[in-house]
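See the structures that follow.
Same chain, two partners: chain A is paired with chain B first, then with chain C.
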Partner chain A sequence: MTDAQILILMSTLSTGLILGAIFALVAAGVTIVYGCVWLPNASNGQFFLLASLAAWTFTASFGWTSLAAAAGVLILGTALSYLLEWILIRRLYDTPNRNVAYFVVTLGLTQIMTGIFSLTYAKWSDQFTLPPVIEGITMFGPFPMPNNRLLVMGVSLLVLVLLFVLLRYHPYGRALRAVFQNREAAALRGVNVRAIYRLSFVLGSVIIFLGGILFALAYSYDLTVAWTMSITAFAIMIIGGPGSVIGAVVVGMTFGFTQAIVSIFASPTAATFSYLGAMLLILLFRPSGLFKR
Partner chain B sequence: MNIKLKTCASAIALAAAALCAAPAAAQSPRPIKIGFVTELTGPWTFFGTSCVAGLKFATDEINKAGGVLGRPLEFIVTDNQTKSDQALAASRNLDINDKVLALSGPTSSDVALAMYGYAEQQKIPFLVPVAAFPQLTKPGTRYTFRIEPDAAGWGYAMAKYIEQVRPGAKVALMHSDAALMRAIMAGFRYQAPRSKLNIVADIMFPQGSSDATVQAAQVRAATPDYVIVSGAGAFDNVITNQLLDLGIKPQQIIHPFGITTQVFGWGQRSVGSIYGTFFDVGLDSLTPDGKDFIARFDAANNRPPSYVENYCYVTPYIFKEAIEAAGTADDREKLRNAISALNTKERTSGVPIVFDKNGARKEYMYFQEIVSVNGKRNYQSKQRFYIEWDPEVIPVYDLVK
Partner chain C sequence: MKLASDRALWIFAAAALALPIIADGNKFLAFVLGMTYISLLWATGMNLMYGFVGLMPLMFAGVAGIAGYAVVHLTREFGWSFWLAMPVATVMAALAGVALGLPSLRLKGFYFTLCSLVIQTVLTLAFIFFPTYTNGDTGINQIAPPDWFGGQLKGLGLELMIALFTVVGILLCAWIVRSPLGQRFVAIREDDILAEAIGIRVVRCKIIAFFIVSLYAGVGGCFYSVYIGFVSPRAFDVLVSMNIWLFVAFGGRGTIAGPIIGTAILAPIPFLLQELQAFKDILSGVLIIVVTLLMPGGIYGAWLARRRRTQKAMTDSARVQESRV
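The block that comes next holds the complex of A and B.
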């Protein structure tokens, strides 16, 4: 292989892994909440953006390092998720067809947050960038990989593994999957369903916040990223199977690699259409998605 | 009886107050109203808000110096939410209810195009401060005047710059799929063979793209002398950084246009890169007024102005000169003729302001080299190239429909 071919191959791998892992994380956050609470979070893109913008504020306005900013956002994000669950989400737990009510509520949240961002951040800048957590470049043959992107890739993949282990082996994960599958049966077995709902909403939201931080560390972004991420996360959840975390991970990674590969052989525009087209095609044959809950 | 007396006293007091107030009202002349429909919310918020900041500086200066024909100049700033339908509704409202003399304000070409139709139909002078889509001044245009050079021309200017610094250069194009970028690249593709330049890669990204690593690797494999980078919003930064990550040198990167926040975004690692502009802190030709504007804008906003703010600063002065030349602030047709006949200069840089028969301006462009970037506070640039051209030196209206 020539250096040029290795360069393109390695760039495809790195893009597929980084984008795929971030897509998978956000979609996992969305699908956990949907699968457990039956809450299709239409404001997931705005949550994602909120985390990115908050991290930017901590670094640009307060002079924090990106690492401190990330920690600050995660702490604030957890508190905010609890608060939101307490004020808004729990009031609809026992409502029939609550998925529709939740969708409308989160659409409202989206509008409010969009308005707030438009009146604040949009006036301050048209683009946002976080300083790297670590400087330098690691060479993989002729391919130079910035260490900061390596870190983002590593953390994203690690969190996905931890999430898998948590849901598979931890008592909370087992309880959550039990509620996923049958709320009444889980309650009869002594699972505190409302507590699981609360934890699921907070966990799912915090994962979306983390996705926002990691994305901001890897890329410059503007306010349009909320919409892009929202569509992508929903598409991944639907293809993977609503409520299936493993589906979100597999399809998220596939999306990342599809984008990278199609953009080489066709064009970046074709890459974007390719996965949305794949979504429609899969839904024709498997309306409930590729994976079961 | 008491009540009657009180009523009479009140009526007399009111009549006296009205009599006293009448001469005072007569002393304050009616303002000259201009509708300024711009992007205060929506995706273009930053540009609309920056534009209004520049506009206010000039309006205050003009009114403190006595206004125009003895009347204050009032821009009625209205939000179009970066939406064509809102811009149209706002224009109609300003025309019918506020009876404005003229329209201005949009910084987005899509929004400006919606207002263009209304202005041409209703015969309202429409001065577009910052929108570069060529069709805003297509042949037959009568009431619309565009201050910013058309985007296809920017591509022409870039080709002329590269032709001068490296004849026969190999050039790669990386740009977003947005109207502005498509127009710029159309101009470049047209002029490149005429300037004997060789396009070795031409990559377009859909809006909403977030990664360009693979394409940056493809571009590097094509070994270009220059890479022209024009991403929408923050994606511009992503492409730039990923090219630099893969070993493309800053000196090889040319941005068709750069505003202050973009230069901050490119940062210190882009020192040596080139960007096109129409006004900049590093221009050789800044006038004393221009330097003063930069200093005052910087003090008020904690960043130097770019061409967006400058064009909106220039806008009230163009209206002032045209209204004075027309000799009246109550006749739209006379104002239209006065703008069309205007032969003046930007007070900040001395660049000529002359409109052709379609309302397109005699075009020009600067190419600056980034010398240093100090965080998000200031930067230094050096002027490397200046070019002026006639708007129709390339078939601009055929290139971009």
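The block that comes next holds the complex of A and C.
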């Protein structure tokens, strides 16, 4: 292989890994909430963007470091998720067919947030960039990799692993999975179903916020990323199987690499088209998705 | 009871046809009225699907867009008369709507809605990325008004024509709803498995509904493009579908009067907010949430429920008085 080929390969590989890990994170957040609460969060892209924009405000306007901004956004995000659950989400816990109602409510949230962003951030700037957390470049052969992106990749993969461990071994995770499988039986065994709903909504939302921060650290972005992320996360959830975290990770990684490879030859919109097509096919022929939850 | 609602319907029809003449003096008012009528035609179609069949077709605006673009293409490139192009474009859009919707008819509830959202997104992307027919994101402007016996139909004439189509659309919807077909729609909405069990061909009914609804979307789309004179992918994106849905849900799904009330209240708002379009998004987002959480029956539904309660209370108290005597 020539140096040029190695460069292309390495850049595809690194982009694929970072994008894939972030896609997997966001989709895992969406799928946990859907599997447990039956809430298909159509505004996940706006949540994602909100976190990145808030981090941008903290660094650009308040002069915080990126790390402090990330911490601030996560704390604020947690508070916001609890608030949202308290105001909106809990009102529909006992509604039959609540997934349609939730879908509509989150589409409404999407409109509200889109309106707010276009009144504010759209007027302030059209490209947003966060300063890197760490400086410097590591060379992989001829391929220069910014340490900052290495960090983002590491953190996203680490969070995915932690999420797995939490769901598999921690008592909270076990209760969460019990509610996934059968909420009546879980309630009979003494699981506080409403508390688990709240916990998983907050957990899922915070994971989406984290995905937004990580994405903002690795790449510069504009406001359209919300729309792309919404579609991508939904496609991943549907294809991977609603409620399946493994599905979200596997399909998310696949999508990340697809995007990285497609971007070499064609515009990223082609990748979005292919996600939509894949989602339609799965919806029509195998609505339960590729992976069991 | 039935006679009374019939009379209300005819009074509404007469008033709707008279309004453009009254509003004709004020250009702005007349324009808002014309746009409200087009929205009302769309809302009536959406209500047939969402209110009576119980499915939420978010690709509605996309289907309208197919007709809107087709009518422009047929009149411009092929030199067809609008009155020939409109039915052709509408039927084309309806067939496309059925073809796109056909596979999703097996799905129910959330999965159907999601599927229709995906189709809507694909259509919006197609409008942007096939500029041969749509001129991409820039859109097509200076669309000529419909031809009319050698001249052009614009201003009051076009508004009256739109009003006529809207009124006919509403009367047609009222007639369909009372027909055996409409009863089957309601049966499917209430319980599709039960409907299947008593011999209703659910899938066939849904296809028929899809076709009719797409016709509504198509006619509205055709009139939209010639009335505004400008079409772009923004005019037919998912926000428009959500808005039309909101008109129906806010007014009261599954009734004839509901969408009329909802559209009359909500459709003019964006024109009053001229410079502040972003506020419109926020407002409709808030309304969507409020309607879903607090008044699932919409304004008209809430009013009906209240009237039923008061009537029941009155008859109860009458009974009490009788028993005292």
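In this section, the second predicted complex is superposed on the first by the 269 of 293 C-alpha atoms of A that agree within 3 Å, B and C clash if a C-alpha of one lies under 4 Å from a C-alpha of the other, contacts with A are read in each partner's own complex, and residues count from 1 in each chain.
To be clear about the criterion, contacts are C-beta pairs under 8 Å (C-beta built on N, C-alpha and C of every residue); 3 or more make two chains touch, one makes a residue touch a chain.
Predicted, not measured: the structure shown is a model, and the values here were computed from it.
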First, second, both or neither for A:Gly108, with chain B first and chain C second: second
First (chain B), second (chain C), both or neither touched by A:Ile18: first
Which of chain B and chain C A:Thr272 touches, first, second, both or neither: both
Touched partner set for A:Thr224, first chain B, second chain C, both or neither: first
Chain C versus chain B, contacts on chain A by residue: B
Chain B versus chain C as contact partner of A:Ile134, first or second or both or neither: neither
Chain B versus chain C as contact partner of A:Gln259, first or second or both or neither: first
A:Phe234 touches, of chain B and chain C: first, second, both or neither? second
Touching partner for A:Leu119 - first (chain B), second (chain C), both, neither: both
Shared contact residues on chain A - chain B and chain C: 115, 118-119, 269, 272
Footprint of chain B on chain A - complex, ascending: 4, 7-8, 10-12, 14-15, 18-19, 60, 115, 118-119, 122-129, 137, 143-146, 215, 219-225, 227-228, 259-260, 263-264, 267-269, 272
Chain A contact footprint on chain C (complex, rising order): 56, 103-104, 106-107, 109-111, 113-115, 118-119, 121-122, 125, 129, 239, 242, 278-282, 284-289, 292-293
Footprint of chain A on chain B - complex, ascending: 41-43, 45-47, 49, 177, 203-218, 220-221, 233-238, 241, 245-247, 261-262, 265, 267, 376
List of chain A residues in touch with chain C within their complex: 40, 88, 91-92, 97, 99-101, 103-105, 107-116, 118-119, 231, 234, 238, 269, 272-273, 276-277, 279-280, 283-284, 287
